[in-house]
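Each chain gets a letter, A, B, C and D, in the order it is written, and its residues are counted from 1.
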Amino acid sequence: MTNEEILDIAHLAHMEIYSPKLEESVTFFKEMLGMNEVTRKGNSVYLRAYEDHYHNSLIITEHHEAGLGHLALRTKSPEALERRAAAIEETGYGIGWIDGDIGHGPAYQFQSPDGHKMEIFWEVDYYDCPEEEKTELLNRVQKRPNRGMPVRRIDHINLLSSDADKNVEFMQEALGFKTRERIVNEDDTHVAAWLSVTNLVHDIAVMADPLGEKGRLHHICYWYGQPQNLIDLSELLVEAGHHIEVAPIKHGISQAYCMYVYEPGGNRVELFGDSGYLIFDPDWKTVEWKGEDAARAILWHGGSNLPENFLAYGTPDRQPVEAEVEEVTNK
Amino acid sequence: MTNEEILDIAHLAHMEIYSPKLEESVTFFKEMLGMNEVTRKGNSVYLRAYEDHYHNSLIITEHHEAGLGHLALRTKSPEALERRAAAIEETGYGIGWIDGDIGHGPAYQFQSPDGHKMEIFWEVDYYDCPEEEKTELLNRVQKRPNRGMPVRRIDHINLLSSDADKNVEFMQEALGFKTRERIVNEDDTHVAAWLSVTNLVHDIAVMADPLGEKGRLHHICYWYGQPQNLIDLSELLVEAGHHIEVAPIKHGISQAYCMYVYEPGGNRVELFGDSGYLIFDPDWKTVEWKGEDAARAILWHGGSNLPENFLAYGTPDRQPVEAEVEEVTNK
Amino acid sequence: MTNEEILDIAHLAHMEIYSPKLEESVTFFKEMLGMNEVTRKGNSVYLRAYEDHYHNSLIITEHHEAGLGHLALRTKSPEALERRAAAIEETGYGIGWIDGDIGHGPAYQFQSPDGHKMEIFWEVDYYDCPEEEKTELLNRVQKRPNRGMPVRRIDHINLLSSDADKNVEFMQEALGFKTRERIVNEDDTHVAAWLSVTNLVHDIAVMADPLGEKGRLHHICYWYGQPQNLIDLSELLVEAGHHIEVAPIKHGISQAYCMYVYEPGGNRVELFGDSGYLIFDPDWKTVEWKGEDAARAILWHGGSNLPENFLAYGTPDRQPVEAEVEEVTNK
Amino acid sequence: MTNEEILDIAHLAHMEIYSPKLEESVTFFKEMLGMNEVTRKGNSVYLRAYEDHYHNSLIITEHHEAGLGHLALRTKSPEALERRAAAIEETGYGIGWIDGDIGHGPAYQFQSPDGHKMEIFWEVDYYDCPEEEKTELLNRVQKRPNRGMPVRRIDHINLLSSDADKNVEFMQEALGFKTRERIVNEDDTHVAAWLSVTNLVHDIAVMADPLGEKGRLHHICYWYGQPQNLIDLSELLVEAGHHIEVAPIKHGISQAYCMYVYEPGGNRVELFGDSGYLIFDPDWKTVEWKGEDAARAILWHGGSNLPENFLAYGTPDRQPVEAEVEEVTNK
């Protein structure tokens, strides 16, 4: 715990992923997940879900291999942005200021100890909805698209780390994230941690990379809130030839009813199919899963198995070196 | 196809299972599945779901090991009963008439080629609902019970057979069942068949027993019709310490959204969580799954694995003889 | 009850509706309900749902006013077709044989006592699915369409009648329908009846027309089987500017979770959002709702009101003559 | 907007309602909503939902008429409690400190301008779960109860006010609530406002009392998060003889799928059946509904009507004085 609570970060605003198959990836997010292409710049395509309020929540950038481009957090005020930039600067992980990008103003960029690129910003462009797409539901940004099973909004991102402890500590100390749940080894080091600055259980998760690689992406996640939507989406995905890695299951952690699929570029995408649970207690004690309990953390209802490489597969995809795998197994 | 269509059997009316832990089994069906205990006789307990119209749909009888007691089919008329009894008599699989049991009148008993005990009857007792349990919903037999996640009605039964082909043929020829879907080996012998006399895809399923045993039970099935009910039930089951063998999944065959759990006596129980699909076409061509397609037949949405012994586990539980297992594997 | 049970009719095969706005109606069924346009002939468009097995289940024909074109029932065999044609001929309601239409062979046409046009046929064309639309789910005819909230199959049709008793009797005596549930006046005449030849509670419903008009259509119904689908569809409909007459509710009769919307031509369309309940008892006693119970028959969960003209609105739309309305009210 | 953002209140912690039928009310919350009775003191019964983390979230106190006892907010820290108490003291609406109650420590009590009694506190007792009720789901406080359709947690409270503007302003200025959505009259005065200090759209709502009464309660709300749970609960409620005022509907405001029922004491209870939408934008602009839009705010999917006195019925129940009703109508 820090002595003084940091309250400067508001939420996860957008994510950039790399794809070696740009057009196929864009088609997946548009046709399967019902997202909108807002604009393009260079070799990047900007997309959003129909209840995302800002200009975009996802950027797909052409790249020779899949993985994380960067993630962006919005601060709670201009002052909060200044405060955080200064604090991160001091940690030595800072990169520096940029003037902004399509959709937002000046941003301070930095990286996690593991090298995941991140940025924080305050000024944001709200989505400028074309007249014909405006809805009478005034708290919704645009009409629900009539294709795919449309996701409603960005939910969270999950990062693989060569040193989970160090990355969790950075998120807590430099950015004010709180660890809501965690799975730990016998020596109390992290297998994984779920962190948030909101009432959600996680805006960002950090998991130990079983391959020991640096800066990989485990998955990005979009939100439905309705269990049946996952079943309907599964119908579309299977018949369109996409690979569902994990069909709808119930996690113990965050009580998420969710599923996992690979987008054509190779990045794993989670879909969140209910509301999980929310945390309102200002004095929340981190929920800690250890030893035998960990199985329940992943598969609360039991009865199925995750694929063997669920933890080890991330983007960019890396082949396990034999020695490393043994080390992992010995844990 | 038979030259002349047999239209004498109406539906699956009740099932008797054996349990070495009678009281624990009864408690499971009452407290978890919300069924009612109607009466007891000898070492048998008679139960029903709240939308079952007859006196009972499940009998649990104390026995040294789990398994099938018998299954009962109701005919469409008294004449249909006479006709079928005579026809079965001729097959050589007949046992003979009994005066009836609690809940129904005279029944003709027989066995499948594999030795599964069955009976057919016409006269039936409708459930005599106590005044305080009567509901204003006039098409429902009694109020929905306020405990567990109450199943609505009996659905189907699945039998393991040492010779699936022969048992499927018997169901078709002697009883008029139609094969709605089947999984076949390369040589066109049955891995499994789903048969019905109703608009359901199956009232009875027959599966080849990987252990080559005779007359075992794979599972009985009760019906909800609502996917969410399976998720709610899973919460109750897990926290009550029951073993969910397969958490909610989507079968390709019958399009069932379903799950599997072991009742305390060891019998597998399926819960059917949506409406699957119905067959109205009077000239239905059996849907046939073969080779690589078979995986989709079992796990339509992919993404999970069934436990290794899903096909081999049945009641009574038998240990595979090594030679037999190899033979199975070689297929 | 008839002395001899008639078992010749298999199910409701297709429905023809009239629309004064052909293209708008077609767009509604395609874009909102995800149906496919199979072909066109003259001023008629032939459509089907993705789990309908035959060539078509809906024909929309341009006409100066909305209403029923005809409904078609498939028989259980060629012999059943001959038998029924002869029997209907004798009732005096016969029209005569036609060679067939797109999608089916020779049909015998007739009308209900109220003048609703009907036909029965045996030979049918199955949908010839284009290669790219074929699915690995072998019991499904084509892939689930990726637009709208796609209905799965035809469910039932509901007819308004100037003389409900006479029309119900005709369906029973000439066609073998069984009355599964009914609402009756104090003098035991029908307010409405739900009839079927399948395990469904109704393939066809007949309701007394409060305006005393002849041969009107109350609604056609398509089936989803999943409650959430109605909520998702409602989002699409409202934002596309369609008029939802009744948002999702729970009927007591048939236990349907359902909703009602007007298609652009003016015909009412019901969407069936769960599995209701099924009838397997071969000796089913008609469920009878009377007096105060009738409110529960319509709105089982209570708490909302149907619009005032829910019973009186039908197609073609007719203005109530004052005297007629009083008469209705006095009942 | 205030110049300086107040961040002292964490969330709605518990609610006290009055009931003239204490035991019947308690039975309703226990048997229908699956809540637990934690303890009793004097003529008060303390209850909680199975995912409520604190000792209790609902107190039912015997009283000659139904209505609000008080509502309680937890602060974010001991310092926040001191700051708020001092600030409220200055408004003149303060009552004073109490030592605490069962389940929490020292609390500062005050009233809204309309006289609704409120309190804020920091120290809280977590629920001390009996060993046999503990669950392996470590983020859940106790096992899901096996009776009724158990609500998961407290959600929000809705207050009727003789002067909505003044009460909304008080909640904003003294407590730091933000107005997330509101319905306004032509002169920009409030019909209703939805306010929160969390990511929820509302922890507290304030609605103009059409009868002009002071300090009445419109409803309390508990949360499920799953639409199907409302349908299942409706079955239990109707068959137990409870009055469902509004069967499950979709609000535009907060996108709640919800229903309303009267508990036996007369207080209206809302059940929240999905996740609605969450607000993460730190610069959220209040969504404003006016004129014709207001109908969509209440019934987004249209198609049903709320009962006539949905807005005017509150507890304690008051008969409208004729003049008052006219005045309301003139607005």
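Just so it is clear, a contact is a pair of C-beta atoms (placed from the backbone, for glycine too) under 8 Å apart; a residue touches a chain by one contact, two chains touch by 3 or more.
The structure presented is a predicted model; accordingly, all values stated were derived computationally and were not measured.
Chemist: Give me the set of chains touching subunit A intersected with the set touching subunit B.
Modeler: C, D
Chemist: Based only on mean CA positions, could you tell me how far subunit C sits from subunit D in angstrom?
Modeler: It comes to 44 Å between the two C-alpha centres.
Chemist: So what's the Cα centroid distance for subunit A and subunit D, whole Å?
Modeler: The answer is 32 Å.
Chemist: Calculate how many whole Å lie between the centre of subunit A and the centre of subunit C, each centre taken as the average of the chain's C-alpha atoms.
Modeler: About 47 Å, centre to centre.
Chemist: So which stretches of subunit A touch two or more other chains?
Modeler: 136-137, 226-228, 231, 235, 238, 300
Chemist: What topology does the chain touch graph have (line, ring, star, complete, other)?
Modeler: complete
Chemist: In their shared complex, at which residues does subunit A touch subunit D?
Modeler: 7, 10-11, 51, 53, 74-77, 136-140, 152-153, 181, 198-201, 225-227, 252-255, 274-275, 277-278, 280-282, 287-289, 293, 296-297, 300
Chemist: Which stretch or stretches of subunit C touch subunit D in the complex?
Modeler: Per the touch definition, subunit C meets subunit D at residues 227-228, 231, 234-235, 238, 243-250, 257, 259-260, 299-305, 307.
Chemist: Quick one: which bits of subunit D touch subunit B in the complex? Just the residue numbers, please.
Modeler: So the residues of subunit D in touch with subunit B come to 31, 135-137, 143-144, 146-148, 226-229, 231-232, 235-236, 238-240.
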